[in-house]
Every structure is written in structure tokens, then in C-alpha cells.
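After this come two complexes, each holding subunit A, first together with subunit B and then together with subunit C.
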Partner chain A sequence: MKRYDAIVIGGGHNGLVCAAYLARAGKRVVVLERRERVGGAAVSEEVFPGFRFSVFSYVVSLLRPEIMRELDLPRHGLHILPLESTLTPLASGDYLAQWNDHDQNRRELARHSLRDAEAYDEFGLLLHQMARIIKPILRMAPPDPASLHPRELGDLLRLGRYFKNIPKKNFDALWKLLTMSAADYLDEWFETEALKATKSASGIIGTLLGPRSPGTAYVLLHHYMGELDGVFRAWGFAKGGNGSVSAAIAGAAQSFGAEIRTLACVSNVLLKNGRATGVVLEDGEELSADAIVSGADPRRTFLGLVGEKHLPAEFLQSIRRFKFRGASAKVNLALAELPNLTCLPGRGPHLRGAISISPSVAYLERAYDEAKYGQFSRRPYMDIVIPSMLDPAMAPPGKHVMSIFVQYAPYQQAGGWSDERREALGDAVVDTLSEYAPNLRSAILHRQVITPADIERIVGLSEGNIFQGELSLQQMFFLRPTPAWARYRTPIEGLWQCGAGTHPGGGVMGASGRNAAFELLGQRL
Partner chain B sequence: MSDRAIVIGGGVDALVAAHLLARAGREVVLVEERSARDEDGWVPPQIAQELSLELEVQRPDPWAAVPLPQGGRLELWRDMARTVEAIRRVSARDAASWPQFCARIAALARLFEQLYGAAPVNPLSFRFALRVRRLGRQAMEDLMRLLPMSVAELLDDWFECDALKGALAAMGIVHLQQGPRSAGTAFRLLHHHVGSPQGVFRPARSNLAAVLRARPGLEVRSGVAALITVRGGSVTGVALKGGEELAASLVVSGADPRRTLLELIEPGWLDPDLARALCHVRRRGVVARVAFRVPSATRLVLAPSLDYLERAYDEVKYGRVSREPYIEVLPGEQAMEAHLQYAPYARTDGAWDDAGRRELGELARRMLAAHVPGVADAQAQVLAPTDLEADAGWPEGQAYHAELALDQALWMRPLAELAQYRTPISGLWLCGPGTHPGGGVAGAAGYNCAKAILRRA
Partner chain C sequence: MLKTTPFHERTAALCVSHAWRRWAGYIVASSYELSHEREYHAIRAAAALFDVSPLYKYVVRGRDAARLLDRVVTRDVLRSQVGQVLYTPWCDAAGKVIDDGTVARLDETVFRMTAAEPNLRWLEANALGLEVSIEDVSESVAALSLQGPNARVILQQLGELPPLKYFRLAETRLRGIPVSVSRTGYTGDLGFEIWVTADQALALWDALIDAGTPYGLQPAGMLALDVARLEAGLMLIDVDYVPARKALIESQSSSPYELDLGWAVNLDKAQFVGKQALAAEKQRGPQWQFVGVEIGWEGLERLYTEAGLATRLPQQAWRMSVPIYSGAEQKGYATSGGWSPILKRYIALAHLQAPWAKPGTPLDMEITVEHRRRRASARVVKKPFFDPERKRA
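Right, the complex of A and B next:
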């Protein structure tokens, strides 16, 4: 039986990040990945001959800059191409474009509303300030607020002092952002419907909540966190697809001496006297290590790999009520030609950015209404990119790939997901999009539709939730995934968590993996 | 310069503030814009104690009666064992969960009882942190989880019976333009439980307003404030509609914060940033009241399930009156009143004219006819949100003056800058339900405000 210092279960980006940091500290580490490739939901695959797709996650925005730096990811082949704009086609035939270029953006906004153009900078400034408050928190291992342990008390005191030192005004502004709905929050700032809708759309991504549901304003911040670091623009696209992100992290991990095994499916965690001592693979092979680190989500880790009978009842209850409720689907299209948008015909820089189908807040809210009762939206919110415009190697010459993020397509589907339903969802997407780009239907060579049920089956994310658990306030910070066990530890000694189901979770960020590694190594972040 | 204090009001908070100031020796004029009506709300015991009041509190038993789809009613009693027995008939599992659920919520309600009887705490203060820690692990975890969550999630964690969940969830959405699946509504269930005995999830109704209106000690003027006069950044008095001017060095306003500071003050005295923030205080009214001259002793709740409430809410998002609204019968000896939600103040599917009122009255009659004898033939008197604004002084029909949501609660109510009842204008204070702790708690805002004034004097 082979012995390691640490076994990382799951080769998603967080597992890889965790392994890389552990290996960098001189530990003997192995990553066990069930699929034939690492990356989890950050993979590039040639789905149709000649057409490569970021099959699941498709943009990079939140990857922590310290991870980029410390693991030297550019040296391992990561190259980020910026997405320069977001275009929102409107029902009226007009459009709203948001550009990275400040002056161009202001001119475009002023075309819709002078007031909004004025407010835009002030809004950005406030969110920058908020992002600056949140950023150090992302790097923190959340303390247990009820504990009497001196270390936890020390950390709580430090946290309290941190918040006391920010101006009360900013704390209050942050509280508003955490508790308000994106729509209400944006109503305080802007009047252009499409601007409010497109911005609030970022608040609903990955969750089964509408733009008028409180708690959705917080995610507006995420857009400003990437920008803040100045490493790259808020939204970018990895050359070669999002698989390149995983490949670069895996490369870094291997350069530090980590071992990576694919097609190695862990069937359960080995326990001895209540302590995790190793894992058993599906083919019966056993590996042992001092630390077992699970990158799988909390439900799979505890209910699947560990087993209910080994866990305390109260902990089990809180794991069972941890909410997933996947709500997003993905449609990948291979195209013979570029879409020709009615609102902005022809080829242009706008096709190098994102296209957002979010004409109004009411449109998004209606899409949510259907999803609440277990139907996918007939007219969904869509976030579209055409990666082949930035990286021609993604498609054969002259042809294109289009990646469409679709919401809402709830995992809990009245009657369950079936092949027909999947295709019906694909049809709804193409039909809705054809209203804005009439040539789309005839340009489609191949179509891949991925429902939350598919995400769960292929990648292993419970209920297809792209964040390994809903990012709602009661599942964040010291409550993620459960109170008292938010510090990457678990009730089972020797078993750790490093997936997005822990703080801060969600997005191709890598922070959970890094925090877990530092916590395991007993180092201050 | 007059040493007189003027209290502008028409609500129970203004009455409490006025009497507390008078008891402390101030000469108080109450500008009574309308006669205050008694609404549901717990009265913190210190109010009755300090003003030596004998209050009558209605304690309907059962505190809620919920019609069941299979016929019969689920009756929730003040007696725990009796309620458990009643729930057992619809779900043995829920009956088993009930006592523990009630105990866990009650533990949190006790913390809020303390928080509501005083000016808002600073959430970053060490004292507050200690107070929360003293709750113990279980209650602390419950508190952190419960505050931001939706009432639907909370109830789904505990119960399976739709009728029970619907009746409880109603307290999460009452007077709010949100549905039971909206985050922050679990907090409101807790808010409306504060002050009630364990296992009772309907606020009490007392005759506090009636008792205070009958109490001597104030100079009462009926009239409507038109302007609060300010000189050099300090209040100098109040001008009434009709032209009469009253001088005062202290003005306490029970009117809503937006009206007080944006309409009753001449613009220019207020910092533009504060004025802008005030414009954004949400106060969307979603309630209509329909009265029938029929006696009813039962607090009937028509909120059959979480989905029912959520669907009712779906319509109001687009400005429509719910086709199947949430209705709750507020009992009365001579006449009953039906609380009907959602009926948006700013409706887009019609107008609140006679036809609109009649239609709503018929809707209420249709829904109640099967449950309340006599309603079918009784005359309906409809108070649309616009009527509630005019008659009860609810701005935009919002009984709580400012929506009670997490971003407008506690130290943020109505805004962080105004949460300590003081305004930037020297001598002008706020005491209405738009301030902490807000609607649903009777007189507490007035009490806290008066205390703050007296401490400063």
C-alpha cells in the first residue's frame, strides 16, 4: 500500500490548487480524479470534430491573483484573453453595450440616460470600496463563532477588529449589499432598464433566485473584484478554453512533485478508530495518507464517500439541509458562420465580448417565475460568448463555437429531466436567441445541451449546482458548509474539505483550495 | 423661544412619545393628524409600567384557524399540548417537531425582546457580540442561519404540512412586497413572534391607542402638519394646514421619515446625499382591508400553502392584484376585518376607484363566504391601499411606514443616519414605525425615541 502525506479526492481546480500548495510545501501528494481528464467543471473538450469547447465553466474572472502569482500559472501555459464588452440586445431593436473602455462606455450609456452615465462612475467607486473590504475575507479561514478555543477566539477578535476599523458607513453599505435584492439595489442608482437587468443578471447566476429576491445584490461585487487586482480585466477567456486553467494548475502541482492520477475513482474514505486513514478506489486499490482532502461537494463527501453511520447526527442534519438547487444549463453550438445580430449587424468588436439576453428586470423575473415551480424558462436569461473570435484555434478556419450559459433550468424538474426535455430546452434557447440573430438557426452545425442533471452525472456536482452549493447568505462564511465546520476541517479527524462547498466558494476562484492547504499546513494566510 | 414640545402623529408611537415627554415635565402639544387605530403588535411591558396603564390584550384562542383542503380546520391553540394534538391529525411528523421548533424560535425571540426595548444596537460593538455569544451555540447558529434565509426554507426544514407552513409563512410576508421564498422573510416571522408566548405566532392586539387617547395630560390639536419650521439648523415650530403656527423647540414626528424630512422640511436643510437616500427608503404598500358587519371571533387564515403565497406574490411583482390573495380575518365583536394581500398601491392592472374597490370586496366575499357565516350577504367596506394612506396615514399604504426588510431593520431603520431617532436638524426627532423596531411592535419606537430625547436633555 502506497503512503502519502495527503490524498486529494477530485481533480477540480480547487483540488489541484490545494495539491499544488501542499506539494510546494514539500508534502507527498496525490490527486485522484474519476474522469479521464482533470479540471472538474473547468475542462476543454473537442466535443465535435474540430470544435473545442469550455464545456461547463467558460470564463475566468475570479481566479485569485495570488494563486496566479504563487503558482506561476503563466509559465505553465495560462494565457488570459480579455472580454472587452457586454452587449444587451433590446426588444426595441436597439442595444445597450458596456465597454471596458471608460470613455466609450460613458458615451454609450449617455445615449440611453445621461443620469445613468453620471451615476456609473460613482457606483463603480462604491463597489470598488466594498470589494476591497471583502477581499481579505476571501483569504480567511472562517473561525467558529461559538467556540471557546483560544485560537478561534483570537481569530474572532481579529475579525471583529477588522470590521471595527472600516468606517461604519462602509459597513452599512456592505450590509445593504448583502441583504438587498439586485433589482432594488440597482433601482437606487440607475434608470435604464437594460442596464439594471444586465447588471442584476450577475446576481442570479448559479442560484435559484430572481433579481427581485433579497440576497442577490452581493454578487454584483464579484464583477468588481477581478478588476480591482489589476492583473487582468474583470472577465477573461483562457486561451484554449477553461481546461487551460486546470492544465496550468496541474502543471504547477506536478512541477512541485505532486502526483496526478486520472481514471481513479474513489469509492470511499477509509476510517480507523474514527480517523480517516486513506481511501479505497473502485477497483479495490487502497491508498493511505495522513490527510485526506476532499474536493467533492459536502453532500458527496459526507453522505457518499464517508457514509452516514460514521457521522454525528446533528452534523448530518446540517449537511442534508445544505442547499444545492442547481438552476443553470449550458448550450454549446458549433456554427458555420457568425450570428448576425439584428440590433448591430455584421462583424464587429461586440462579438469579441459577451452577449447578454437580459432586456429587462421583468424579463429575468418572469424567467424565474417558471423555474420556481419546476419548469425551465421558456424565454431564459442567456450569457453568450464566442470564444473562437478570441482564440481561432477553438474552431476550424472560418467556423465558430458559441457558448451559451442558460438560466433558469432547475434541477428539480416537474417530471424529471429526460432526453426530450433536454432537447426542448435546447429548442427554447435557439428559438429565443433567433429573435435577436435570425441567421442563427441555419448556422448551427452541432448542438450540445447540458442540463443540471448532466452536470451532476458528468462532473459530480450535486444537483448540478455550479458553486457546489448555493451562495446564499445562510450558506456563506462561517456557515459554509455548516456552522462549526467551516474551517476546512470535518468531524472526522484527518479528513479535510477543499472544494467550493467551503468558504469562499463558487466560480473558478481557487480560494477554497488555497485556504484549505494553508489551514492544513498550519500556516497563517 | 418656546420650551414646548410638539408631537406630530396619528399613531400609537406618537401617543407613547407624547405621554412620556409630558410625564417628564415637558409641555406637550399633540398635533393629531388622525385618530390612531389599534393594530396588531406586542407592547413592551416597560411602556405600560412607566405610564401606569391598564391594557386589555386580546388573546384569541385558537390563535389561528386554517381550513384544510380535505375539510375541517387545523386549529392552533395557545396551549402547546392541544396544538400538538391538532397538528397530529394532519401530520405526526410535524406534531413531533412542533415543540422543538417553538422552543428554538422562542430562544431567538427573547434576544429580540431585549433589542426592541431600546435604541438600535451597534452590531460591531463588543457588548452586542457578548450578548449574542451568551445565547449559546445552538441559538447562535440558529440566529446566523435564520436571519438571512427565506421563511419557506426555514419551514421546509421543519414541517411537511402545507396548511401549517402557509399559516406560519404569512407572518413572514405580512405588509411586505416579497414572497415566502424571498430571503429575509424568516427574520420577519421571528419579528412578529417577539413578545408572544412560546408557540403563538400571531402578535397580540391591545387597546393601547384607545387608552392613551383617553388619557389626560396633553394639549391635543386636531390638524395636519404642513411645515416644520427651521431656523439656523434648529426647529422653531410647526405650521398647520390652515395657517396656524405653533412654536416649539422640540418636534417629534410620528409621520413617516420620508414625509417628515422631504415634505415637511423646506428643502435645503437636508444634505443632498441624505435626501437621496431617503427617496430610496422602500415603503410599497401591498395590503387592503375589507370590513364586513359580521361578528367573528376566529382568526381565520387563508394561506393554504407556501406555493399559494408565492403565486400570490408573483402577480404583485408586475403590479397586479393577486387573483388568489392571502386573507386573514381580524376578529371583531360587531364587525370583522379581512387583511388582504397582495393588493399593490401602485397597481398597473386598473385603478383604486369605486370599481376597483368593489371588485376587491367581491373577491374577499367570495373567498370568505364558505368560512365565515353571514359574509355572503353582508355589505363590504373596502379600504384600498390608497384609502389606508389617506385614512390611516400609511404612506403608499405601507403600515410600517418603511418596509421591514433586513436592509431597513435594526440599526439601518429607516437609514443608518437616522436610526437613533435623531435627525440632522437640531430638535427634530423621529418616532414612528419607520424607526426601530418598526411596525408590528406597538409603541416601542415612540418609547425608545422619548427615552433618547430625555437622556439628551
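Right, the complex of A and C next:
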């Protein structure tokens, strides 16, 4: 039987990050990936001949800069191209654009509201300060406030001191962001409906919550923490698609000596006297290691790979309660030509950025209403990018690929997901989008629709939740995934977690993988 | 993309340097000619014409218009007279400067406010419960600044000019074009600012160029203005101070006292934004002072001589943070500086810790000579550096 210092289950980006850091520290590490390629939900695939897609996750922003630096990801091929704008087409035929350039942005906002144009800078500054406050917490293994262990107490004390030093004004704002709904919070700042809607959309991504649900203001902030080249709230597109992010991390891991095996599906974790000692693959092969690190989500890890009978009842209970409720779908289109937007016809810089179908908060909330009762939204929220505008290699010359993030498409679909329902969702997306870009339908060469059920089936994310568990406040920080087990450890000695189901959560951030590796290596973060 | 001012048709034709820059989302000329030198000398020797349309402008009307402005700014607006213009900063509740600009009383209940930053939301927030309307006229009103010793005589060619005192304004017609003229400017020279509706902008420009050319009138850009305002000791937002709304940390923001604007704070007013904090600061005494600094020629020359070079002077006014020392310790920093062609002195505007801010205090300013950081001796001097009698005439 082959022996390792650590076995990482799952070659998603967090598993790869964790393996890379462990290998960098001189450990013998193997990554076991069920699929034929690594990356998990961060993969690029040639779905249709000549058309490449970031099949699932599709932008980069939250990926921690320290990971890019420490693993030297640029040397392993990571090249992030900027996404510079967000365009919100409106039913009236007008639009709202948010541009990177300050003057251009101010002028555009002033077209809709002079007050909002002014408030925008102040809002940006405040969120910048909030992000700065939260940022150090991202790279911290969350201490358990109920524990009396000296180390936890020490960390709590440090955290307490840290919060004490936050200026009062910022502390008040932080409290509001932690408790309010995205829409209510934005109402305090802005009056332009499309602006509030487009901003609040950051608060609902990946969750089965509406913009008026409390707690979504925090998710909004979570997305503000994206940081590229020292700029908060910067979004980018990885050249070659999000598979290049995974490939770069895998390359770094291998350069440090980590072994990566694909088509190696773990069937269960081996236990001896209550301690994890290795894994068994589906073909019966056994591997052993001192540490087994699962990059799979908590449900899959504990209920699937470990087995309920080996776990304490209370722990089991909270893992069962951990909410997934996948709410998002993805539609990938191969296009013969660019969409021609009624509000801004022709090829322009706006097609190099994101297009957000979020004309009003009411529109988003209505889309959520249907999801509450187990239906996908007939007129969904969509976040659209055209990767071939940024990286022409994604499509044959002159042709394009379009990536459409769709919400809501709840995993719990009344009557369950079927092929017909999947295509009905695809039709709803194309119908809605055609209202803004009438040439779209005829431009479509191929269409790929991915429901939460497909995400679960292909990538293994429970209920298709893109964050490995809803990013809602009751599942954050020391509660992620369960109280007392938020420091990447588990009730099974020798078994660790490194997926987005742990603090600080998902979004191709890599922080969980890095934090887990540091905990494992017994290093201070 | 970027906005152009109502004068753009004329200024673009004149801008042979193609040196444009951004100002509040507009493009304006850095210099029209290949060098800004002649444009600067026109300010001091004849007259210069600046397009200052990108300023934010608000018209505040209503029974409570004076009350609103009095509540917002630090100077006494209630007691201002019709036809008077006040230069004033305004602060947040912590007494830190948000912006600075002018408040002009056009009538008992009508005011025009100019600002460097957008302030509509701030004015509205302070107007709750008051009987007042606030109109953003930034785009509909164009503005020119006519500065220099010949400014008055040029205006007199265009119509009946009421005898305007310093910081007074009047409504009049220039070659039949209705304008509002104020005896103000940003150069420390004799000068006027002229406000006109955007649709009459080109006609006004043509009239001024036509009447001014025989008197040496020269369209001038921001580079020339920067030298003049430095000589006049006038601070510039985002360069010499960080407006409180943009401050990332508290220490980046400044109170009026720290910006040498204590004279513009009227603590006798019943109530205004930031009063409590400012009263406390006045009692405490500000920790920082905003002062003039002169870099001594001899020291400068010595540094260059040691490097085997003739003394080099900045070709333009600079805008950056430059450390200032007393002995080994840094005691402050300069934020604007440059060579004054009219004074033949190297001058700078600087923030200094209060104990080192008294006129005459010897200091050292960092200067890079041939890739090496050196220190040139400097001393605190009174502002404004250049203060001709005609400025107030």
C-alpha cells in the first residue's frame, strides 16, 4: 500500500491549493480527483468543437493575492484579464453602465441621478474600508467563541482587540452589513432602481435568498473583497477560462513535488480505531497517509466518505442541517455573432465587461418568489460575460462564447429536474435575454444548460451549491461548517477539511485550502 | 466619454500643444502653446483667459437659502450682503474640510455656490426641513476667468462695468450678453470671473478675445494657473489637502485651522456643521499648520555644484508629497512647489507640525539631485508669496 504524508481528496482549486502548500513544506502529497481533469468547478472545457467555456465558475476576483504570490501562479500560466464594466440594460430601452474610469462612471450615474453619482464614491470608500477590516479575517482560522482552550482564547482576544480598533463609524456600518438585506442597505444610499438592483445582485449570488432577505448585505460585502493588483472590487477573467486557474495551481503543486491523480475516485475514508488512516478507491486500491484532507463539501465528506455510523450524533446533526440549497444555473452559448443590444447597439467596450439582467430590485425579488416555491425564475437574474471578447482563443475567429450565470434555479425543483425542465430553463434564459438583444436567438450555434442537479452530478457539489454550502451568516466564520469544527479539523482524528464548506467560503478564493494547509502544518497564519 | 466645456470649439482650435488634462470629468487645456511660459507671464504682465467651466455650481434659492448655506459653510452667510462673494471652506461634523469654494449672494434669497467636488447631496442632506431649492447648474452655466493687470480695462471695452470691489459681483451685459461678473480669481492678481449661460459661451469668448487681444490677452491653461496659484499661496483640493470624504484614515483629513483657514471660521455663528469640533480644536490649538516655505538658493546651488551641475529648477509647478525635516526628524511635508518666475524664488506650500511652523524657522526639504536624495535648506515664510496691490484694487 502506498504511503503519503497527506492525501487530498478532490482536485478542486482548494484541494490543489492545500496540496501545493503541503508539498511546498516538504510533505509527500497526493491529490485524488474523480474526474478526468482537475479543477472541480473551476474548469475550462471545449464543450463544442472550437468553443471553449469556463463551464461552471467563470470569473476571478476573490482568489487571494497571497496565493498568487506564494505559489507564483503567473509563472504557472495564470494571466488575468480585467473586466472593466457592468452594463444593466433596462426595459425602457435605456441602460445603466458602471465603468472603471471614475469620470466616465460619474457621468453615467449622473445621467440617472446626480445624488447617486455623489453617493457612489462615498459608498465605494466605505465598502473599501469594510473590506479592509474583513480581509485579515479571511486568512485566519476562526476561533471558537465557546471554547476555553488557551489557543482559542488567545485568538479570540486578538480578534477582540482587532475589532476594538475599528473606528466607531466603520463598526456601525459593519454591524448594518451583517444584519441587513442588501436591498435595504442600498436603499440607504441610492435612488436609482437599476443601480440598487445590480449592486444587490452581488448579495444573492449562490444563495437561495432574495435581495430583501436579511443577511444578504454581508454577501454583497463578501464580493467586494475581490482584489486584483491591490484594487478591491476588481473582477477579471482568466485567459483560457477558469480552468487555467486550476491548471496554474496544479502546476505549482507539481513543481513542489505533489502527485496528482485523475480518474481516481475515492469511495471511502479508511478508519482504524476511530482514526483516519487512508482511503479506498473505487477500484479497490488503498492508499494510506497521516492526514486525509477532504476538499469535498461537508455533506459529501462526512455522510458520504466517512459514513454516519462513525460520527458523533451532535456533529452529524449539524452536518445534516448545513444548508446547501443550490440556487444557480449556468447557460453557455456558442454564438455566430455578438449580441446586439437594443440599448447600446453594435460592438463596443460594454461587451468586454459584464452584462447584468437586473433592471430593478422588484425584478430580482420576483425572480426569487418563484424559487421559494420550487420553480426556476421565468425571468431570471443573469450575469453575463462574453469571454471571447477578452480572450479570442475561447472561440473560432469571429465567433463568440457567452457565459450566463442564472438565478434562480433551485435545486429543489417541484417535480425534480428533468431533461425537459433543463431545456425549459434554457428557453427562459434565451427568451429573457432576447428581449434585450433580439439577434441572440438566431446567433446561437450551440447551447449548454447546467442545472444545480447537473452541477451536483458532474462536479459533486451537494445540491449544486456553488459555495459548498450557502454563504449565509448562520453558516459563516466559526459556524462553517459546524460549531467547534471550523478550524479545518473534524471529530475524526487525522481527517481534515479544506473545501469552500469551511471558513471563509467559496468564490474561487482558495483561502480555505491555504488556511487548512497552514493549520495542518501547525503554523501560525 | 469625457465631457467638453461649452468653450471647447474655441479652445480646441487654439490648443496646438495637444496637452489636455482632466478636470472634474471634462477635458481642459494644460497649456495652449507648446510651453506654458508665455501664458504664465500673461497673467502677471497683461491678461490671461481661463476656461473654468468644470467647477461645480449650485444655485440655492428660497426663504431659507441663507440659513442653509450658513449652516453648511464656516463663514457668516447670514450677514453677507447682496453682491458679496465669500471664499469659504466647509466641514463635516468632525470639523474636517470637505471642500472649499465660494458663496455669492446674488439676491436676498438667491445664492450661487461654487465647489471643486459635487456637493448636491451634501447640500440637500443639510436642507431637510428648510424652505429652499437647490439647483445644480454645473452644466448649464459656463465660466471664464479673466486674470491679470489688464483684466479690468479689457472688460471696460465690452460694456458698462460697474465699479467692482474685491470679492464683489454684479449682473451686467458684455457686448449685449447677459453675464454675472465677480471680482475674484485663483491667481492672486487683479481679475474677474464671468458666469454665462452655456448657449452664450462662444459669443462671450469671441467678445473677450476680440477686445482683449490689443491688451495682450492670452488664453491660458492649467500649468500657468498652477504657478500663479502657488505664488498666491492658494491651496488646491486633492493636491494640498485630502477632502474629508475621501480620507481613508483620519489623519489624512484636515481642519480649516490646519489649512491656515482659521480666519474663515466664524465660531460666533449660532450653529454650523462641525462647530463643536472646531471650537474644541481652536481651544486646543491645531497640531498642523499650512505654511509657505522658501528653498534657499545658496544651499540648492551647493548641492548641484557638488554633483558637477548647474542649478536645475523645476520647469513646472510640482504636485507631490515631499518630506521636510528639522535636523534628523521629519516635521512635515510640502504638497505643491515650484519656481516663481516673478519672485525668482523657489517656493512651496507645506504642512508642518505646529512648533516648526513659525515664519523664519529653518528647515530642510528633500530634493533629488542626480538620482540622489539630498536635503536643501529652506525656511518658513509668510503666504502669499506674491501679493501685488492690484490684487485688491
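Criterion: the second predicted complex is superposed on the first by the 517 of 525 C-alpha atoms of A that agree within 3 Å, B and C clash if a C-alpha of one lies under 4 Å from a C-alpha of the other, contacts with A are read in each partner's own complex, and residues count from 1 in each chain.
Basically, a residue touches a chain if its C-beta (ideal position, glycine included) is under 8 Å from a C-beta of that chain, and two chains touch if they have at least 3 such contacts.
Values in this document were obtained by computation on a predicted structure and should not be read as measured data.
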{"item": "Joint occupancy of subunit A by subunit B and subunit C, clash or fit", "value": "fit"}
{"item": "Angle at subunit A between subunit B and subunit C, C-alpha centres, nearest 10 degrees", "value": "80"}
{"item": "Contacts of A:Leu479 with subunit B and subunit C, given as first, second, both or neither", "value": "first"}
{"item": "Partner chain in contact with A:Gln129 - subunit B first, subunit C second, else both or neither", "value": "second"}
{"item": "First, second, both or neither for A:Ala119, with subunit B first and subunit C second", "value": "second"}
{"item": "First (subunit B), second (subunit C), both or neither touched by A:Glu435", "value": "neither"}
{"item": "Which of subunit B and subunit C A:Gly215 touches, first, second, both or neither", "value": "first"}
{"item": "Touching partner for A:Lys164 - first (subunit B), second (subunit C), both, neither", "value": "first"}
{"item": "Which superposed partner A:Gln104 touches (first subunit B, second subunit C, both, neither)", "value": "second"}
{"item": "Chain touching more of subunit A, residue-wise (subunit B, subunit C)", "value": "B"}
{"item": "Shortest CA-CA distance between subunit B and subunit C [superposed frame, angstrom]", "value": "6"}
{"item": "Footprint of subunit A on subunit C - complex, ascending", "value": "1-3, 22, 24-25, 118-122, 124, 136, 245-246, 248, 250"}
{"item": "Residues of subunit B defined as touching subunit A within the complex", "value": "123-124, 126, 129, 133, 136-137, 140-141, 144-149, 153, 157, 178, 181-184, 280, 282, 307, 310, 314, 317-318, 405-407, 411-412, 416"}
{"item": "Subunit A to subunit B touching residues, read off their complex", "value": "145-146, 160, 163-164, 168-169, 171-172, 175-176, 178-181, 184, 187-188, 209, 212-215, 321, 323, 362, 365, 369, 372-373, 472-474, 478-479, 483-484"}
{"item": "Subunit C-touching residues of subunit A, taken from the complex the two chains share", "value": "103-104, 106-107, 114-115, 117-119, 121-122, 125, 128-129, 167"}
